[in-house]
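Mind having a look at this structure? Questions to follow.
Letters A, B, C, D, E and F name the chains as they come in the text, with residue numbers starting at 1 for each one.
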Amino acid sequence: MISALEKAGILTEALPYIQSFAGKTIVIKYGGHAMIDPELEEMVLKDIILMKLVGMNPVIVHGGGPAINEWLDKINIQPKFVNGLRVTDSATMEVVEMVLAGKINKGIISRINSFGGKAIGLSGKDGRLIEANRKKATEDLGLVGEVIKINPEIIQTLTKEGYIPVVAPIGAGPNGETLNINADYVAGALGGALKAHKLVLLTDVEGIYLGDGPQTLVSRLSQREINQLIAEGIIKGGMIPKVESCLSALKKGVENVHIIDGRKPHSLLLEIFTNEGIGTMVVKE
Amino acid sequence: MISALEKAGILTEALPYIQSFAGKTIVIKYGGHAMIDPELEEMVLKDIILMKLVGMNPVIVHGGGPAINEWLDKINIQPKFVNGLRVTDSATMEVVEMVLAGKINKGIISRINSFGGKAIGLSGKDGRLIEANRKKATEDLGLVGEVIKINPEIIQTLTKEGYIPVVAPIGAGPNGETLNINADYVAGALGGALKAHKLVLLTDVEGIYLGDGPQTLVSRLSQREINQLIAEGIIKGGMIPKVESCLSALKKGVENVHIIDGRKPHSLLLEIFTNEGIGTMVVKE
Amino acid sequence: MISALEKAGILTEALPYIQSFAGKTIVIKYGGHAMIDPELEEMVLKDIILMKLVGMNPVIVHGGGPAINEWLDKINIQPKFVNGLRVTDSATMEVVEMVLAGKINKGIISRINSFGGKAIGLSGKDGRLIEANRKKATEDLGLVGEVIKINPEIIQTLTKEGYIPVVAPIGAGPNGETLNINADYVAGALGGALKAHKLVLLTDVEGIYLGDGPQTLVSRLSQREINQLIAEGIIKGGMIPKVESCLSALKKGVENVHIIDGRKPHSLLLEIFTNEGIGTMVVKE
Amino acid sequence: MISALEKAGILTEALPYIQSFAGKTIVIKYGGHAMIDPELEEMVLKDIILMKLVGMNPVIVHGGGPAINEWLDKINIQPKFVNGLRVTDSATMEVVEMVLAGKINKGIISRINSFGGKAIGLSGKDGRLIEANRKKATEDLGLVGEVIKINPEIIQTLTKEGYIPVVAPIGAGPNGETLNINADYVAGALGGALKAHKLVLLTDVEGIYLGDGPQTLVSRLSQREINQLIAEGIIKGGMIPKVESCLSALKKGVENVHIIDGRKPHSLLLEIFTNEGIGTMVVKE
Amino acid sequence: MISALEKAGILTEALPYIQSFAGKTIVIKYGGHAMIDPELEEMVLKDIILMKLVGMNPVIVHGGGPAINEWLDKINIQPKFVNGLRVTDSATMEVVEMVLAGKINKGIISRINSFGGKAIGLSGKDGRLIEANRKKATEDLGLVGEVIKINPEIIQTLTKEGYIPVVAPIGAGPNGETLNINADYVAGALGGALKAHKLVLLTDVEGIYLGDGPQTLVSRLSQREINQLIAEGIIKGGMIPKVESCLSALKKGVENVHIIDGRKPHSLLLEIFTNEGIGTMVVKE
Amino acid sequence: MISALEKAGILTEALPYIQSFAGKTIVIKYGGHAMIDPELEEMVLKDIILMKLVGMNPVIVHGGGPAINEWLDKINIQPKFVNGLRVTDSATMEVVEMVLAGKINKGIISRINSFGGKAIGLSGKDGRLIEANRKKATEDLGLVGEVIKINPEIIQTLTKEGYIPVVAPIGAGPNGETLNINADYVAGALGGALKAHKLVLLTDVEGIYLGDGPQTLVSRLSQREINQLIAEGIIKGGMIPKVESCLSALKKGVENVHIIDGRKPHSLLLEIFTNEGIGTMVVKE
């Protein structure tokens, strides 16, 4: 049992963190287990509401998770992936957009609102937030996009008015066509465009591993080291989009990037409000 | 062939209408044929962009149309209606929300943006725009809601920043549950909360008929007359939600309400920018 | 007969022009026939009110026309011109100022107001808008001035508050003396000081001719070409102040300059709202 | 010789007056001798600039003085008066407007500007400042107007931006026709519309006389007393428009009205900055 | 040992309290033991900084405590009290002001600033914050004042700019004389003038006792009950100024008043951020 | 006897000075005789209120004068000086702060307020206005500080809201300790941080002397000349802090610095409002 007094002490311990983050923008890529487990979800969203209340400007970018596959399955579309990217034909795109922008996005904002926050859901098409092109690849990926330009005005308007913006990773192509974009990349590009103080990727790993087991978790990596580790094939697979969006965010002006384990309760708050470094921090130098 | 000079003359003819509507809020219920036919849609959306550019504040509320039924059909859910209201179980609600907020809403804002406007899509859950309760009815309608309260701040924020808000008719219930609400009612309630100058319902009829054929179209009705016509059973069926949302909007402060024929090209612009009264105008007295 | 539907179509055709000119400053030199013929005047002023309503910032500079000569004649002063510039003694200057600032200027703003616009009349002495020096010339021109400095604050204040500023081409000399300045030059200098998007000169010619007849009208000229044509004596006479104020405006930052025919109805609106290039456009390169 | 120290003492003596008038609007009817004598004019205008600099909001309404008659004479129009009001046909009106708005008004603002102030000249037609009707009278007065409505927005805009507004007493009739209005009445109406703290009438008399000589000057009169004195024929002639505009200004919300002697140097500043009551103060009670 | 996770959980527990107090003004009377004990002081001031950071507007009013007596003692002035109020001659007043405004006040703001807050110290003389009169009493109390009027503009200015205002309980009399005012009364009057949500009195008692021991502590009292208890002599002595300033604050518009025990660590934060009611709450009804 | 008319003339003579100083910041070091003599004090403070009212932004930095010594004497502390700087142990510092921030500062603001101004007293600890370090010297000076950094935000906030800030020359050291700083240095540093137009030092000398008697007073000195005169030993003693703070202020961006004689009535106003140069002006070149 923690006494009321101990609780009060803990609140004032947060003081220096609150002071140092006041007015700073934090982009959070929200995905994986933390989006599926209702208890974890409640913790993440309350952590974010708290961040907003104490003066930070959190911006959420969410992924799609298993819901997309469930829905593709319901209408008998077979998901197909190339290098971790979903090959997206037009029927798939329709489902992806409905699930991301109509189901998951609205679910998140609705829960934030029910916990007392004020959230607005956006897709990259709203206010032309995300201008995209079809991703060039050796194999045709269909309606898979890459970010060309972020128009962050709508995010800034909402943030200034006290709202938490929640973004579905969808962009509009040059002819208005809907494009499916990797959420990690979107989070990195948004972080850059907003000159965010921090980009936090909530993942289903503890951070970046350099080998096979948890004991190879590395707590800090520089751009240079990452490039080398990719070249050496040590960083690979699903970790690639994550570290690439880290690097791209740093290049565009984000001050630092964190890959943390969303499966651990309150990992986000611990990252922000304590000195206990968790996961892997990626820095310029 | 219309000459350039004649065109210029027509532009200046619009002057008094532009002057008299400057800064006024116009809520447009967008649905029916005008939402399905791509040519009509382009005209309606361009008409609305023009209204915005010349200083009005248009707000769009859209319906769902056949897309909801198509999707219910894809996953083998049989639509069921009572008194024109869709009986909505939880599986149905999921589809309704995905189609309304993820497909139709994002499609509308995307097209507005591609025509050079600036639109943001909202559902009634965003920023707690629409607080709702389950609709009380003799038969259980499931997740069908009625508007309890509008929190119009997000609309006002977006409007002031130059955006056209586009609203999907979904509300959040007291326990955060998603509720399906008739778009006409939503439009009326929004018009009232925004103290709109005009509520325009784009429908698939020419206006309100008092009898069987077009020749019974009436161009002006007062609240009192409508109540009497409902009592006498002359106004009935699918016309009921429309006239009820008219009356409710008037009661909440909208200055006047128009039911016009969305099947006719540019009917919206003609209603706003000309003296040629079209459809039926519903007024207090 | 143009149908209501055709009219609506024409209104939406203007959309891209309205979008591209939103918030841009357009300086209009208003003079010649368009100032004398009441029907043309009504068209020009309504065109300008429309420009204001759809989000542009029009600024009018007017000339004096025959009214100055009529008044000089009434009190038996013989007008005298050197190289197209009025030799202005002090008695003449008094009449010029009274006619420009007291009669023509107030007439224009009054008519704009009666058409539903909001106009304020200024001379270059108001708020020290135009600081001038006596124009140096081989022959003594008396109280003829040339612009030394524009103080555009009052124009910006009025524009921001929704007014259309209407400027009489009079300046204040270093000792407070009133100076008569060519309206074309004033328009060019104002356009430059306001970083106007466009300077439009409403004239009594179709544009710049390179020879004797209408068939020598040229639709586009660069600075370099104009300088050469003046040197070759092809551009000459009353056309000189016009092209000089074009060049000076370009030099000071106006993006492009148009010489159009004010005798044609709605020539201003056609220039702004259509692709049908009319008159002569003068550009940097 | 006044020493520097005595001068400093005098400046600090003004402190309580400056404090008590900070942010207050003072309408000054400027006319008579103080407008003709260059030395007096310089003093009046510098007094007004000083008032502006120390935080008051002076607004000037000027009369026309002999210049109108001189110009009517130049073009052989015979001035004609009925009960002190100029009978104004259309040819006369043209001259009146040119002289008031084009010559006198621009002369005043030009001199204020040359003394370091920032002035803008307005007629009642600018920004629809003065809406008027033809004055009803037993004899037809032609284009003589009376104020129907003041639209003070332009005055407030200019005042807020640091300008001194200078108003020529001309109004626009319901059909846009130009109307000649007594400057005293205009000053009173403006004072009322601006909720002025003070209306000061600079006249060619020492104040209101109750008899034949200076010894009958009265320093304070209430509304009730004035009405009685008019009824008794003691206040009469050219004094009538002055006291009527006093009463009308009080009725519309001006706090107090002063009739002072513009022939005395710095009478305006002495009225504002000292306790030495000069002229006649008219008060509600 | 409390784990990081438990700490995070505690932070999110504060969420509903932070949400419900956002933007609310809380006036804190700071005195007694909590001002003398450095550890308690650090806790109180950090609690207040935290309140500010999470969006509340805390305003501190401090007492003088033993420091005044120590200084009077140093210069051999014998403190004298009547009914708990210090009899204040002019030599005493000089010491009181120096100690309150020069020593204690500056000490508090300096410590707040060193903990990362932004504080400004004020006495009631700054910006005429507290206008006072000499307190009327049967015995002459000398320079003891009572609040006549609060001019809260400076508090509002500082609050809006992110500062925590810290007020020394000194007022200016009608002739500019310095007056010593009971800090509890000042806190109540300030709370009223600021329409504070809460007034919290940090005291050296647990709350209001109705009898002799801690077991007579009462957790809630209404105005009516207090008046009766004073009349019955149950509330008496040093408790009188406290309950009187409670009643006066309620009368002036404070929503509720709390008397809490400043000797308990973090009692302020516990009062604000938990449901565990501590001390005595005084309410209207 | 000076007539009312002469008084008015003197007021308008101030016009060009008022115009040229509008919106400019003037830092005034207030000390010496002018702080002790009540008549001189009233003149200085009213001069400053007048400066504020006519649109300048005066900021006062005051010294301590004999009051500090009187109080040290009362508690039997012997003042000790090294090179004109008070050796400050912790008991002395406590007295210095109480006298400066609690007695003198509050006395000044109270008198300004009683003359109708609006003043707020600050020490360098309020809002972290003055960050200081212990002054390095050959002999240990104790708690004597030198300015490391000025955080001028609180001054700017107060100035913008119409207050006159009055600053006691006390700073906060890196560990929050209170430091005693020479008021001349503080005035210079503040002037620099505020990019003041003028720094005026009110002293008990007529200006800078180059020899032994008043006839060696110099009216203008450049930085270069001062450095040479210090090197030559001509400027020495108590004059050193004054000229050093002049040079430091110039270096930090103050436009010019004046050393004037505070013993002469209204010397401040004469310096600001007349051409009669008094004292010594120190300039860059």
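The rule is simple: a residue touches a chain if its C-beta (ideal position, glycine included) is under 8 Å from a C-beta of that chain, and two chains touch if they have at least 3 such contacts.
Just so you know, these numbers come straight off a predicted model, no measurement behind them.
Enquirer: What is the shortest path, in steps, from chain B to chain E when you may only step between chains that touch?
Expert: 2
Enquirer: Check every other chain and keep only those touching both chain A and chain C; list them.
Expert: B
Enquirer: For the copies chain D and chain F, give the interface type as same if over half of its residue numbers appear on both sides, and as different if under half do.
Expert: Result for this pair: same.
Enquirer: Taking each chain's centre as the mean of its C-alpha atoms, give the chain farthest from chain F.
Expert: B
Enquirer: Any idea how many Å lie between the Cα centroids of chain D and chain E?
Expert: Using C-alpha averages as centres, the distance is 56 Å.
Enquirer: Taking each chain's centre as the mean position of its Cα atoms, how many Å separate chain A from chain E?
Expert: The mean C-alpha positions of chain A and chain E differ by 46 Å.
Enquirer: Graph of touching chains, which shape: line, ring, star, complete, other?
Expert: Drawn as a graph, the chains make one closed cycle, so a ring.
Enquirer: A student should be able to answer this: under the defined touch rule, what is the ring order from chain A, with chain E coming next?
Expert: Order around the closed ring, chain A first, chain E second: A, E, F, D, C, B.
Enquirer: What residues of chain D sit close enough to touch chain C in their complex?
Expert: So the residues of chain D touching chain C come out as 74-75, 94, 97-103, 105-106, 109-111, 113-114, 118-123, 125-128, 153-154, 157-158, 161, 163, 170, 172, 175-176, 178.
Enquirer: Looking at the complex, which residues from chain E come into contact with chain A?
Expert: 2, 4-16, 18-19, 22, 43, 46-47, 49-50, 53-55, 115-116, 264-266, 269-270, 273-274, 276
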